[in-house]
Amino acid sequence: MIIVMEAHATQAQLQLVLARIEALGFRSHISKGSERTIVGVIGDERPVEPETFEVLEGVERVVRILHSYKLASRDFHPAERVIELPNGAHLGGPDVLMMAGPCAVETREQLEAAAAAVAEAGVRVLRGGAFKPRTSPYSFQGLGEKGLVMLREVADDHDMAVVTEVISPEDVPLVAEHADLLQIGARNMQNYKLLRATGSSGRPVLLKRGLGSTVEELLQAAEYVLSEGNENLALCERGIRTFETATRFTLDINAVPVLKHLSSLPVVIDPSHAAGRRDFVPAIARAGIAAGADGLLIEVHPNPSEALSDGAQSLDPEGFAELVAEVRRVAEAIGRGAA
Amino acid sequence: MIIVMEAHATQAQLQLVLARIEALGFRSHISKGSERTIVGVIGDERPVEPETFEVLEGVERVVRILHSYKLASRDFHPAERVIELPNGAHLGGPDVLMMAGPCAVETREQLEAAAAAVAEAGVRVLRGGAFKPRTSPYSFQGLGEKGLVMLREVADDHDMAVVTEVISPEDVPLVAEHADLLQIGARNMQNYKLLRATGSSGRPVLLKRGLGSTVEELLQAAEYVLSEGNENLALCERGIRTFETATRFTLDINAVPVLKHLSSLPVVIDPSHAAGRRDFVPAIARAGIAAGADGLLIEVHPNPSEALSDGAQSLDPEGFAELVAEVRRVAEAIGRGAA
Amino acid sequence: MIIVMEAHATQAQLQLVLARIEALGFRSHISKGSERTIVGVIGDERPVEPETFEVLEGVERVVRILHSYKLASRDFHPAERVIELPNGAHLGGPDVLMMAGPCAVETREQLEAAAAAVAEAGVRVLRGGAFKPRTSPYSFQGLGEKGLVMLREVADDHDMAVVTEVISPEDVPLVAEHADLLQIGARNMQNYKLLRATGSSGRPVLLKRGLGSTVEELLQAAEYVLSEGNENLALCERGIRTFETATRFTLDINAVPVLKHLSSLPVVIDPSHAAGRRDFVPAIARAGIAAGADGLLIEVHPNPSEALSDGAQSLDPEGFAELVAEVRRVAEAIGRGAA
Amino acid sequence: MIIVMEAHATQAQLQLVLARIEALGFRSHISKGSERTIVGVIGDERPVEPETFEVLEGVERVVRILHSYKLASRDFHPAERVIELPNGAHLGGPDVLMMAGPCAVETREQLEAAAAAVAEAGVRVLRGGAFKPRTSPYSFQGLGEKGLVMLREVADDHDMAVVTEVISPEDVPLVAEHADLLQIGARNMQNYKLLRATGSSGRPVLLKRGLGSTVEELLQAAEYVLSEGNENLALCERGIRTFETATRFTLDINAVPVLKHLSSLPVVIDPSHAAGRRDFVPAIARAGIAAGADGLLIEVHPNPSEALSDGAQSLDPEGFAELVAEVRRVAEAIGRGAA
């Protein structure tokens, strides 16, 4: 941590800063510049927040030197991490993983048709929502446990793994019983009880970036899961809030190389939520893979015009099959396979 | 709801749209413009999402006519809403309500000193965090139930009401036992289980706007609380995420008149979190009241330089007393009192 | 400037960094932390960009210690700056200055009616656009020189000063001939030729913040004007682009205390452009003054429903008179007058 | 245009709205919904702004049906547009076009080395800045005309076309004399005089999106160029301002399919400015091409660590050659060539 003193800070103010550094068990290091004095704080700064020093008189600002997370960093774990799912599919590693299915599980027929379609395209992981967080209390909220059971059964028929969202800490055991990969949604990225609960669930976790959250905060949230001892964690970029309204969210494509640089956790792209419209999904999916993402999460519905949620952004089986073919070619172009 | 057809939409596509409108129990109304046909959907559109129609072939886009919330709207409840707290303090109505205290409850001594200071300045509501959601798992997470008990006892000593955050649905009964006003934090604005739980808690609720959430989404979240039958609800603007990094968040001052226009729920401003630095807090607090807010939520610490969290944005007792005096004068300038 | 080396930076990489520092005429200062080595660059860093060092192998990032502007900083010019206009009105100093008038000069009658209304309310500075930058090439683009002449004549009739926008460097002499305060619009905040031209125009300048620009960049743009020797400069906050769409822009109220902290230049608020709707203008205007702004720029039209531009955000004379009365009371509440 | 009346709008207010519609030469169409009356405005709404009606009493809001631009729309010009440069290179059409070179022209040696390197990699268009808009007045501002002459001569030696930025309307003839493609920078996207000047320059134009500008505004700015009769126009996405600070800007990858949907103008991606760091450039470049962009603008410097501007984001010749090879493979994967 670097403490920048104000231009007119007094010697007494500097002494108080030094005393505070020492009291916290750190060593200090003073450097007098042409117009400012700066003080280096030496030691593991992670448990200390910059405000500990910002609050002192004569301090202009405090700059972190180390990231605020550790287990999630590539410095700590340089080798690429790979998650192996029970059916043998891998998230992370040489190949790209496709995960697809309906936004919400609606009926057995709908789910079976969707699963058959995505399995036919070669997909090994079935997505589908049983617990749906909705902005309006008047919208369809999901089938709950009934939906989980359907997901499991239908996935098993096709030797697929299941990824589904869990929205509350007390639901974690139930969801973990039926699913292979627990998804934490964007609105829950900073639901710390939920992060801890999935961290100790024994199941791999897919953590979506909050729509108003930075990459740094995503990695801090990842730290909650990792610090519970769960190393099977992947991150998902699904679009952030910006001033642009032409699409529902703005997919932060830069986040792919940034996350790969800062961390060795697998990175997934969700183009369906970012676009909000199916006709933009294939272009964004290809871009995500070209940028280096390890997986895709895509909404597919056997009959999008009758979907109970997110129909507008769901591909139909034909559109999805085309997308898969395109994504395979892009993956090969950058030296990867796609499963 | 208005459905705008594409320039080259066919008659067959239009017929399918009309059939879908009828199947959902609405009536339709066609208007042919110079370059586009538009279709009006007549009936209560609230339970229907725009995507229900956006997904159909030939549809360019869909525009909502009604807001997606009802109980939270001023149309539904034109009269100003007022929350009465057990000690007789009011949030909403003619006077402005000050709520102040430490970010986190740390020790009995700290809390007593803070409470004495804010009570001395005439404040009737004590704030303090017992459950702290923190971005890093390595930061202080609050005293939990012990903190709640302290808050209650110390507040009672000064005939103050208590406002404190609840971060998980299962904690609601415990927090409701000790607190008079349940705060839902920005990171939980779309934690729908928590919204419902506070909605049926029997306690007034203070709902903070998410840092990446629109005013419309804040009112939709409010609808969750109101739809559980709880009418004692206030909204809090505490800053949103923007590109500006000079302050921690950007307080959306426009949101004050906007919320007052759209809804009759009381509006509170939290300048401490928006600024992130104590020297900017008084200016933002005065601005919030001048804009028409009904209350302020301010962090005060007896000794900010030793606070375990958010010290940099906490005022000391002297600074806070000055702020209160200024806010009183501004409130009077616009014809209100301040309690 | 502080250079943070990567965790695994080699000794050879460090030597190259030190050599580069020396080659640029600075001294260096090494501090070895627990996990990172940091290098201080000692000397006046302002003309050097962080990327000069970021580009070197082994460098993780570079942190500026000094601001990138100098003349615009309060460190350089601690005393409050005051602009005196030819009619004796002051921008900056103890009193708040009201500037009002129509968005665009349309006709002599319109301008006279608007000027009479705002003069009647006690306003000493008339605003009005003769050159209008418009997002669409099909919109009304202003009366040009004819509008400038009208502005001058009508203002003189009421002993008012004139503030008007200049949109191109070659128009500066013409606008400077007729106006007392040259406004640089938000879309031109980084039009550096225009900044320099107004800087050497001999006229006071009102510089609006770009809608996608930070406070730091606003002060850098101010530096362009000041570095031409023109000290009569004021800054204007008029709303920034955020994800919120309930108002046209989000007024950054925090920017008022931030700018006052970083600089001694007068600060003006433009609530009309930020709101985009007249009914929200008074609340935002009061907030700006309560936060410490030195002036307001308000759109007033004698008959807003027939305005050629920005009618929706223009107040009518009655609404404006009320706003002025409210603003006066708020200014008094914080110990200032209003002219 | 659709006018939504307030819930409690009176019959008299409605009559005034209808009268205003008629006075402007439109026809109206009334539709009474369950809670709101809506009025359709029939005719070519483009020259009319929504505020014309928003300002009337009883109006809640106004929704545009048509886009505010016409010439730039795909509805108006469905076929893909292709720009042919004098050396036979094409921007738009089946193949992807690479444009590369240094951020700023510094010396003859630097430019020759950069040009040789990019020509060696097969690039047909040389980029380089002679007029540099810089945020700080103390930074290097470019060589001006001398730089233009160098660019032309060095490009001719390699049979390359030249793309370079023009920052002021009066410089357009000079730049047009030496360059084949006139670049309008992000900070000038709404410099309407400059847009018009390039529109009538007789040269193709490359228009960069403003960092705080929407896709809609980019197309409106394009309309200025097109309305001067210049059809050789391409658009460039180079990153927008968001809350994320891990990269300098956030490249809006969604904008590629969105622009392709709304318009038939060629689309270029500038990954260097979006990333701000060379190690992220290849991933973003590949993503842009995978998403469907028609060209790339890349900064290459023979010796980035000594560049006078933007060194941190410039690739060296080896890094660039690798990027070109990768981009070629991605282009082929989606059925395109790359020149």
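Just so it is clear, A, B, C and D label the chains in written order, and each chain counts residues from 1 on its own.
As a convention for this text, contacts are C-beta pairs under 8 Å (C-beta built on N, C-alpha and C of every residue); 3 or more make two chains touch, one makes a residue touch a chain.
Here the structure is a predicted model, which is why all the values come from computation and not from measurement.
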item	value
Common touching chains of chain B and chain A	C, D
Distance between the centres, which are taken as Cα means, of chain C and chain A, whole angstrom	38
Gap in Å, rounded to a whole number, between the CA centres of chain D and chain A	31
Where chain C touches two or more other chains at once, by residue number	212, 240-243, 245
Category of the chain touch graph - line, ring, star, complete, other	complete
Of chain D, residues touching chain A in the complex	212, 214-216, 239-247, 250-258, 260-261, 274-275, 279-280, 283-284, 286-292, 326, 329-330, 332-334
Chain A to chain B touching residues, read off their complex	20, 46-47, 49-52, 54-56, 68-69, 133-139, 167-170, 187-188, 190-193, 210-213, 217, 220-221, 223-224, 227, 240-241, 277-278, 304-305, 307, 309-314
Parts of chain A lying in touch with chain C, wherever the complex brings them together	2, 4, 7, 29, 31-36, 38, 40, 42-44, 63, 65-66, 75, 241-243, 245
